[in-house]
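Each of the next two complexes has chain A plus one more chain, namely chain B in the first and chain C in the second.
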Partner chain A sequence: MFTISFTRWPIIGSPTFVGLKNYYRLLHDEIFLKALKNTLWYALITVPSITSFSFALALSLRGITWGREFFKAIYVFPMVVTLVSTAAIWKGMYLPFGPLNQLLVNLGFSPVEFLSVGLVIPSLCLVLIWRDIGYYSLFFLAGLEEIPSEILEAATVDGAGAFQRFRYIIWPMMKPVTLLVCILVTIGSFMIFTLVYVITGGGPAYSSEALLNYIYDVGWREFRMGYAAASAVIYFFILFGLNMFERLVFERG
Partner chain B sequence: MKKGTLYLIAILWAVIVILPFLWALRISLIPTYTTFVSFFPKSLSELSLVNYEYLLFKTKFPRWMINSVLVSGGATFLNVLACSMLGYVLARKRLPGSNVIFTLVLALLMVPYHILVIALYLGLSKVKLTNTLFGVILPLSANPFGVFLMRQYITMIPREYEEAALVDGCSRIGALFKIVLPQALPAVGILTVTMFMETWNNFILPLVMLTKDSMKTVTVGIADLAFQTLNTNWGVLMAGSLLGAVPTVLVFVLFNRYFLRGLTLHGGLK
Partner chain C sequence: MEKRILVLAGVLLTGILAFGTTIQFWTCPFVSQPENFLAPLVEQFTAQTGIKVEISVVSYNDAVVKYQAAIAAGEAPDIMYLTESRFLPLVKFGNALEPLDKYLSDDLRSRFARPDLLDQYAATAGGSLYVVPIFFVTYLGAVNVDILQAAGVPEDLIAKMTDPNQTYTWDDLLHIAKLVTKDLDGDGKVDQWLYAYPGGANWTHPFLLWYWGAGGSPTLLTDEGKPAFDTEATRLALSFLLKLKEEGLMPPGVGSLDAGDAIDLFTAEKTAFINNVWPSNSLKIWPEQFPSLNYRLVYPPVGPTGARTTYFGSGLLAIARQSKHKDEAWKFIEFLLSDDAQAYVAQSYYFPVTGKLPEEFANDPRVKMYYDVLSYAIPEPMHPAMARWKAIYNSEVQAVLIGQKTPEEAAADMQRRAEQALEAYQ
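Moving on to the complex of A and B:
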């Protein structure tokens, strides 16, 4: 992988060594920088929202005893359905006269162009959020179930309110799970490819292009393997760095 | 918070999760897609299976399904085989370098395989495996998560049983398949279910490996349907999306327990 990234390789024929030229060109490649920026946006939007919403959902699921298993099964359902299918269905949801816009109109709002330049990234994030919240809430739920209820009861007896119980008992005990979910969502948002590929194809005007889509385009539409490999290497290091950063934040905070 | 509010939240989210699928089902059952479809059909005669008919007889959809079954089945089978063998070796035998191998497996768990797609593609096209199903099966057939899972599980199984069998003249392979694996059945179950799901859902690898229409897997096929130029046939696309999800949903319904355990395990290890 690393070796390929130092070469020029138009698939047919053999690679020629070009040194760091690929990397140099990448840093001046507008589309690459755009894809990089988009991918960071995907992560920036999905990580906090999925983490907090799934935590909240798990908290409410914890208070439910009757039918909990049923809800769990429903919540992972979008994870079970092939992502391509989900993407195709949401492509339909976002149609200009699709169900979402009909809903908006019925509620008295004006229709929205979900896949326009300005809105396309939040729209795609929404699909990811919709799909992942239930799944990650199961992680939080598993963590919550491990907190002994005696501690919480003792705190209640001592006069701790709901917020205090959360702040001083639940939150510290849930930190490892939260970190795990953050890292998983970060990786997940960096791996966003299928959604973009099916719903927008990276458009309009590269406004939703993610890094993996860029790598795919360069590698398999333009057949520039060395260049694609170089962007994959950069992609890997950014992802790695982000995970390290999240680990640091959680160990400090 | 009150119980009622909690239930309200839980039910609300369940509805939000399910609605898009119901909409897709509704669209797949009307002959031609129009923008103003009422969500609930007025009568049963309004519904038709035209889209499904089109999908099954006018497109290569059945072929894609077969390909997907072959790929997922093959990769799952090879995974169970390879992961239990490697897991067994790593759990039992103190070979020189087995710690290094295990560390490598753990390191691979951290790397999303998407990054390796370029290297995989170049390597496999060198040995002329593009446009063959085997070219997709092979890279998916030794999942690091599976190796890890099997190793951890087999470590917990007491080794006295197999030693007794070995003394009685059983071979190592025989001991693995007749004595160890039956005891590791829960782990094998988790492995089988998660690997099937993962390979079925895999998109980027078949997308780059399989370019011939008749070789595509169902995921790539659905993406093709979504890209039909000018007029996307929404009814057919929705029908395909739903049918393409049937096998994984079926596995999920049948092996719900394994799947849920596998999910949290899988995530917990990454």
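Moving on to the complex of A and C:
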């Protein structure tokens, strides 16, 4: 891929070496820059949301004994459905005359254009959050169950409240799991391709275009494999950098 | 004598070699299950020739992607279904299609209703013919008669829309839009409109129907070969759509609607007019699925510059240059162009390119309307950059519909981006 990024290659035939031309063009490509910005937004919204909600869900699941397995199954269910089906269902939900707007109207509110420029990214993130929190809560739940109950009991006996137990025992012991979830969600948010492809096609006016969709369009719809490869290289380094940053934050924190 | 024996032996040998051959045919879903629809034809062809045909279905959206990947992997299907805007990239990049000139006999060529199209396909691909059509469609509009009548649209205006010898204009549409746009249930919110532009669809034709109607270039090119987007036609088309949007004559969210949603709004009787109705929808699917939908097919409106146009699309077949069974593949294409096969394909409401329409269709006045527009219907533009141009003009229309750009800005940006895109293909 790295080698191809220095070529012009319409997939059939031989690549032609073009040096850094693809990279230079990318830096001046308004659609690429928009897709990059959008992708960072997807990550910025979904990483803290999914991580905190799934952590909270795991904490609440840990607190119940009756029906825990049932709730676990319910929360993980969205992950079992194929993403294309999920996207198609949510696309219907978000339509101007779809069920969500019908519900809002019935409740006396005005209909909302969920897929308008201002709301399209949060709307797509909502699908990702809805789909993923149950799944990632299992990671946290597994981590929570690794914490020896004696430590928590001893802290309680010593007078530690719920917040203090969380702050001084649970959180430090859950850091490795949280880091793992953060990294996985970051990667997931960068791979938002299917939702964008099915629900908005990147629109309106590229306001939901993600980097992966851009790479796909450039490579497979426009047959500019060299250019797509250059975009993919940048995509890789940004994702790698973000993951390193997350690691650093957790190690130092 | 010896020569005759040799010819006979050659024919026999070819027949024996072809017998038992299997050709791969990748098609797009021009009907809901093309493999089932084409099965009787394949069966008949196999019985006649001994050549088997395996059909795989690829979506319209991903057809070229799949073909490119297969070609790159050396696994190209023998026959590929394409459209006007989809075949040139395969010719231009990698010379992946087999020229068909040597296969197409004069007799067969003379049977095409529009042989000029074959010349056009050849001319745009540098002189050789790489695709042959097996059917065509044109687009008409449709109006919901109940909505129009209830809104007080004059009968003579509705009659003008359905009469090939009369015309109606964009201004007439605007007038009708104001009449039909209503709050039906009295809740203070409008719930019926004239038309929903599918602003979220990355399809070829929705914008072009308005652009051509405003006098836009049929090929999307100027006489100098430059993209023809920063033009009066683009500005007129965008201004008209913006006017409908700004005056509340289109439903909310049109900037994100895909083409299917726009059709759904018409069949759900939320909108009263639609301008991209292909025959299978209006003649088969709607009567079956929406028996209470009281619609009437209408001719295209006349645009502000006096142009009246619509869309002409074909189902094209090509043979891959990689194919090891080119002769057998051509035999199948030839078979599909036979009178019987063409009459069978017409049952899917795609019209024959050779031969005649079956009697039951030929006498249908609605089918006649689709044929009436042939004289001014414009084929899908053929250009290797079409995939990019399509994405560019659709995103700029979206930008206008969501209020990000004025028609003038969008037209200028379309031009700039289309020219940049063109550089990659030169």
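Assume the second predicted complex is superposed on the first by the 252 of 253 C-alpha atoms of A that agree within 3 Å, B and C clash if a C-alpha of one lies under 4 Å from a C-alpha of the other, contacts with A are read in each partner's own complex, and residues count from 1 in each chain.
In this text, contacts are C-beta pairs under 8 Å (C-beta built on N, C-alpha and C of every residue); 3 or more make two chains touch, one makes a residue touch a chain.
Bear in mind the structure is a predicted one, so any value in this text is a computation, not a measurement.
Engineer: Overlay done on chain A, so just call it for chain B and chain C: clash or fit.
Structural biologist: Here the two partners, once superposed via chain A, clash with each other.
Engineer: Between chain B (first) and chain C (second), which, if any, makes contact with A:88: first, second, both or neither?
Structural biologist: first
Engineer: Who touches more of chain A, chain B or chain C?
Structural biologist: B
Engineer: Taking the superposition as given, does A:151 touch the first partner, chain B, the second, chain C, both, or neither?
Structural biologist: Touch partners of A:151: none, neither chain B nor chain C.
Engineer: Go through the superposed model and pick first if A:220 touches only chain B, second if only chain C, both, or neither.
Structural biologist: Touch partners of A:220: chain B and chain C.
Engineer: Which partner chains sit in contact with A:244 here, chain B, chain C, both or neither? Use first/second/both/neither.
Structural biologist: A:244 contacts neither chain B nor chain C.
Engineer: May I ask you to decide whether A:33 touches chain B, chain C, both, or neither, giving the answer as first, second, both or neither?
Structural biologist: neither
Engineer: Please indicate which partner A:97 is in contact with in the superposed arrangement: first for chain B, second for chain C, both, or neither.
Structural biologist: After superposing on A, A:97 lies in contact with both chain B and chain C.
Engineer: If both complexes are laid over each other on chain A, which piece of chain C (93-101, 147-155, 219-227 or 255-263) hits chain B?
Structural biologist: Stretch clashing with the third chain: 255-263.
Engineer: Could you give the residue numbers on chain A that contact chain B in one complex and chain C in the other?
Structural biologist: The answer is residues 11, 95, 97, 201, 220 of chain A.
Engineer: Taking the touch rule as given, give the residues of chain B at its contact with chain A in the complex, in rising order.
Structural biologist: Per the touch definition, chain B meets chain A at residues 1, 3, 5-7, 9-10, 13-14, 16-18, 20-21, 23-24, 27, 35-36, 39, 110-112, 114-116, 118-119, 121-122, 125, 197, 200-201, 203-204, 207-208, 218-220, 222-223, 225-227, 234, 237-238, 240-242, 244-245, 248-249, 252, 256, 259-260, 263-264, 267-268, 270.
Engineer: Would you mind writing out the residues of chain A in touch with chain B in their complex?
Structural biologist: Contact set of chain A toward chain B: 1, 4, 11, 57, 60-61, 63-64, 67, 71-93, 95, 97-99, 102, 130, 133-135, 138-139, 142, 162, 180, 183-184, 187, 190-191, 193-194, 197-198, 201, 212, 215-216, 219-220, 225, 228-229, 232, 235-236, 239, 243.
Engineer: Give every residue of chain A touching chain C within the complex, in rising order.
Structural biologist: Result: residues 10-13, 95-97, 105, 110-111, 113, 115-117, 120, 200-201, 203-206, 217, 220-224 of chain A touch chain C.
Engineer: Show me the residue ranges of chain C that touch chain A in the complex, using the header's touch definition.
Structural biologist: 62, 64-65, 68-69, 71-72, 89, 93-96, 189, 199-202, 251-253, 255-258, 261, 265, 268, 270, 387-388, 391, 394-396, 398-399, 401-402, 404, 421, 424
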